[in-house]
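The letters A, B, C, D, E and F name the chains in turn, as written, and every chain counts its residues from 1.
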Amino acid sequence: MIRLFFLFFFLIFSCEASVQDFCVADFTAPEGPAGYSCKNPANVTVDDFVFSGLGKAGNTTNLIKAAVTPAFAAQFPGLNGLGISIARLDLAPGGVVPMHTHPGATELLVVVQGSIATAFISSANTVYLKTLKKGDIMVYPQGLLHFQINAGGIPAIAFVSFSSPNPGLQITDFAFFANNLPSILVEKTTFLDAAQVKKLKAVLGGTG
Amino acid sequence: MIRLFFLFFFLIFSCEASVQDFCVADFTAPEGPAGYSCKNPANVTVDDFVFSGLGKAGNTTNLIKAAVTPAFAAQFPGLNGLGISIARLDLAPGGVVPMHTHPGATELLVVVQGSIATAFISSANTVYLKTLKKGDIMVYPQGLLHFQINAGGIPAIAFVSFSSPNPGLQITDFAFFANNLPSILVEKTTFLDAAQVKKLKAVLGGTG
Amino acid sequence: MIRLFFLFFFLIFSCEASVQDFCVADFTAPEGPAGYSCKNPANVTVDDFVFSGLGKAGNTTNLIKAAVTPAFAAQFPGLNGLGISIARLDLAPGGVVPMHTHPGATELLVVVQGSIATAFISSANTVYLKTLKKGDIMVYPQGLLHFQINAGGIPAIAFVSFSSPNPGLQITDFAFFANNLPSILVEKTTFLDAAQVKKLKAVLGGTG
Amino acid sequence: MIRLFFLFFFLIFSCEASVQDFCVADFTAPEGPAGYSCKNPANVTVDDFVFSGLGKAGNTTNLIKAAVTPAFAAQFPGLNGLGISIARLDLAPGGVVPMHTHPGATELLVVVQGSIATAFISSANTVYLKTLKKGDIMVYPQGLLHFQINAGGIPAIAFVSFSSPNPGLQITDFAFFANNLPSILVEKTTFLDAAQVKKLKAVLGGTG
Amino acid sequence: MIRLFFLFFFLIFSCEASVQDFCVADFTAPEGPAGYSCKNPANVTVDDFVFSGLGKAGNTTNLIKAAVTPAFAAQFPGLNGLGISIARLDLAPGGVVPMHTHPGATELLVVVQGSIATAFISSANTVYLKTLKKGDIMVYPQGLLHFQINAGGIPAIAFVSFSSPNPGLQITDFAFFANNLPSILVEKTTFLDAAQVKKLKAVLGGTG
Amino acid sequence: MIRLFFLFFFLIFSCEASVQDFCVADFTAPEGPAGYSCKNPANVTVDDFVFSGLGKAGNTTNLIKAAVTPAFAAQFPGLNGLGISIARLDLAPGGVVPMHTHPGATELLVVVQGSIATAFISSANTVYLKTLKKGDIMVYPQGLLHFQINAGGIPAIAFVSFSSPNPGLQITDFAFFANNLPSILVEKTTFLDAAQVKKLKAVLGGTG
């Protein structure tokens, strides 16, 4: 009896409540400037809010000896609309995450194993460079160029959080050399020598 | 003649104008992180912007002697995307709106009849407690615990506005006791005695 | 003893907690685009979050037979930074709130006494007109022209909430006629006759 | 070989990257409070980001001797979700853009030919009036009334940028006189004489 | 010579560039709704963007066998204005972070050692409960009640990121029992028995 | 008499109105994450909202044959807090604005003289390349690499608007070569040859 009266009160609110708590991505419906459409809350389960892909090391047997495993909204639909995302960074000894930006987010890195040398460069061209050890964190303000390098003899691991569910990633070398942007335009807009452009275009699969 | 020339000027703009003025909710189309899809402006009428459900008292013949009647975007589609909503609060003598939060909005209460004792508690655990009379207003910052109690001998009425069309509502007792969260977890995470948890689970219909 | 251990845990957090809960306006410190500077939380009391100025009727013994009593951040410092504000509207029989806009907020009106005829006009020049009775609410999307008129034989009262602590108010007649904007410019940009402009400038105290 | 290793690294990221870079409007899918749905990135070309409609003068052979050619999201889908838009303003000698507001954006005007007299009026009814020459810029804060008048003997041209892809436009005369808002309501809410209202309703095609 | 010409180009921009890149907190200047005032960029060094406090375990020799070490803007000034923060969570065997909310942010947890049982509860009172192992991540939408419990026999460690530099923290037990909120009001608004309230007030140091 | 009554109504509102209309930058007071502190509205004049610095060509007698003249909040205080800014771009024949990003804004370019070849590159490394003629506009989504080159035989002029009063500017070459970032780190994170790095460091004044 007492329960029924409470439920009466409760039901008044429950109809719309799920609307604003979260918006798990439904990849089959249209996407808008604020993110993906929402999955029907009735079909949402805890597994929409949990992601297990960061538990094992990325494959670093590549030339840069590095791997980045993202858990952005496209991989982890529970993040949609919630203003945050994360990725795992593995750096084998000698590993490098080359110069890059995240056009849509600030990054916050925490070292959980090993040591990492890292810097970001401001619009005023000032270099903010530091070698981080386990437990250290560093923040990279939105949109600025930065890099990470393994600074120890053992594999380094870090988790990097972002202030957006879709931070984006633009690796400068790929933007310059891994597409069909004509070499002459690359040269004119970067001041790099033609031979250098040609060499990196070949390495990175660019044409033109 | 003069009219035609004006209309020519006018038509240049009119095509897109309705786009940004408002976005009345279309509950049949996908919803996204920023709210519901928009109804076709051609089908929008003034009745989309008017809501009459707050004109009569909610039913307070329940144990808490209180009723909250919401006009959020789910009930009042004209609010969609506009950053505001409202609800009517009826408190019979002895009535209580129990401890709760609105995860997505600041609340602003205005007393229109009777007297209400109310408080919110900050992250620093400070209590901001006051008894309000007719015409008084109080603001409850986003996400903080608060409650309202009838502080007079007559029915109290208030209107509560929110800084979001979907403020959400989480009543602490319902969150703790009106679902299937195992009692042992409730006890461990709230420090409440097992008997207390069992009693309130029974009252509020919880299981586990 | 048990208390001490808890307090240890508690103190870790308490130092910064008040920072983000609220930002009560300190009118003596600089103001920025996001609002006023914050009062020291240690000096904040519940009275910063309560405002009593809306409890009595505004003075409607003026030509428009209307009064608007605002509780914006400038009057009610607890609202600063919280995305909401409110005002009381009194309309004596025959009273009118003339055509106006709020450049910075959506408005949500609830009638608490009497009857009000009201409309807003969209960018597409569509008129959304309705007569509201006690308990009815209406939303006016941000920045659009609207007005309110007493539609009954008794004083009407409404509370109007806004989606900003500083919604602004631009009454069209005051903008056109109550300042030093040269009459010739008013005529050219409003298509009003010179005699009409002269007449209203005189009424409203404009020069030029 | 080296290329393959790089591509491995590259592909990890590329799947979701386009999600957040841009959201070109798809006018055939639902629209929400944050803008139009996004076109599939695979179908996006450079032409979605380029608009050529502002290259020629608008037709100013009308009574106000003015033309405004917008490139808002509705005309230029590449702007959707990106927080900016633009329009071209042509003012023949004697031309006038009448009093108006943009409910959803701040405007920034740059004169590229001729001379323009212009003002905006604040909520405090202060007039900010200036005659601009070629190369001058002026900013009009969001939602405030403003106008532009050709101040020279030759055609004037300006580009006006907005802080939103859908700034909206409300021309006061059209809002008052070019619709079915009853004349008696116009008179009561603007203090204009009945004859003046009747005259402008006739000119602008209003009824009622 | 070539350098001088470049520098000419460069200097045009450099004056304002640092303005928008970051805003390191200056705790001695006024604070506003958007955060702390900015330290003069000329005095900013890389150490403003690096924080080393999360490198060692928090002290879990307390009754809840848990410690949370925050790196919010108040501890780590480089985060000010950047939309992100982080904390380290240590849970000894049997450790518990009690029911709490973050009024101002979504939380994203990554387990770096051990196992953690955790849940959040939605506005619809649905429980989203999961036991996480090393490398798993879970997201807790803004403002909703949640908890963490060590679910293994060894110490568990997690890093929790937040979508705000000042997420806030409201532990329900502290809000209810660790202040001067009168017991009778606690009882009325939580439905807890008087004895239960008295007991927890004693444990947590509450009065009234 | 009639005027006095109106003024009574008017004064109620006027006190706070200027608060939210604008926030002209006061460079002598503290700056926060949302922008500069506001100048006292009583001291604001129309000249705070007008800027004349874009009326004449920038000096393009440098090696890149280009000049960018900004009107950001730091140069044009009236823009503070208003979400928009602008710059003038002069490109002599052969002139180039090298690869760069704006970390904090979307850019919208309109060609007012000559012809400009331009491209931006997405996170997916797709090149969006176009040659624009007079009157054409192009949008560059926030944070992405882009460049402009004079594509005709005559000087080209463009106005570029930004979706922020402080868009920032990071020219890739300056970030890589015009500071003290050690050459070995540049090489490792850009894959450029040591000789190339050394050459450009020399040209651009870098050390290390």
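As a convention for this text, a contact is a pair of C-beta atoms (placed from the backbone, for glycine too) under 8 Å apart; a residue touches a chain by one contact, two chains touch by 3 or more.
Everything quoted here is computed from the prediction, not taken from an experiment.
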item	value
Partner chains shared by chain E and chain F (touch criterion as defined above)	A, C
Chain C on chain F, rotation in degrees - Cα superposition, rounded to nearest 5	120
Rounded Å distance between chain A and chain E, as computed from the means of their C-alpha atoms	21
Geometric centre distance via CA averages, chain F-chain A, whole Å	26
Sites on chain D at which at least two other chains make contact	10, 13, 17, 20-21, 30, 32-34, 82, 103-104, 119, 122-123, 125-126, 129, 141-142, 144, 164, 168-169, 174, 178, 203
Every chain pair meeting the contact rule	A-B, A-D, A-E, A-F, B-C, B-D, B-E, C-D, C-E, C-F, D-F, E-F
Chain A to chain B touching residues, read off their complex	2-3, 5-10, 12-13, 15-17, 19-21, 23, 26, 29-30, 32-38, 80-81
Chain D to chain F touching residues, read off their complex	10, 13-14, 17-18, 20-22, 41, 45-47, 49-52, 54-56, 71, 76, 78-79, 82-86, 88, 105-106, 108, 110, 112, 119-120, 122-126, 128-130, 132-142, 144, 159, 161-164
Contacting residues of chain B [partner chain A, same complex]	30-34, 58-59, 62-64, 66-70, 72-75, 103-104, 164, 166-171, 174, 178, 203-205
Complex contacts: residues of chain F adjacent to chain A	96, 98-99, 101-104, 117, 119, 121-123, 125-127, 129, 141-145, 147, 149, 168-170, 172-176, 178-181, 185, 188-193, 196, 199-200, 203
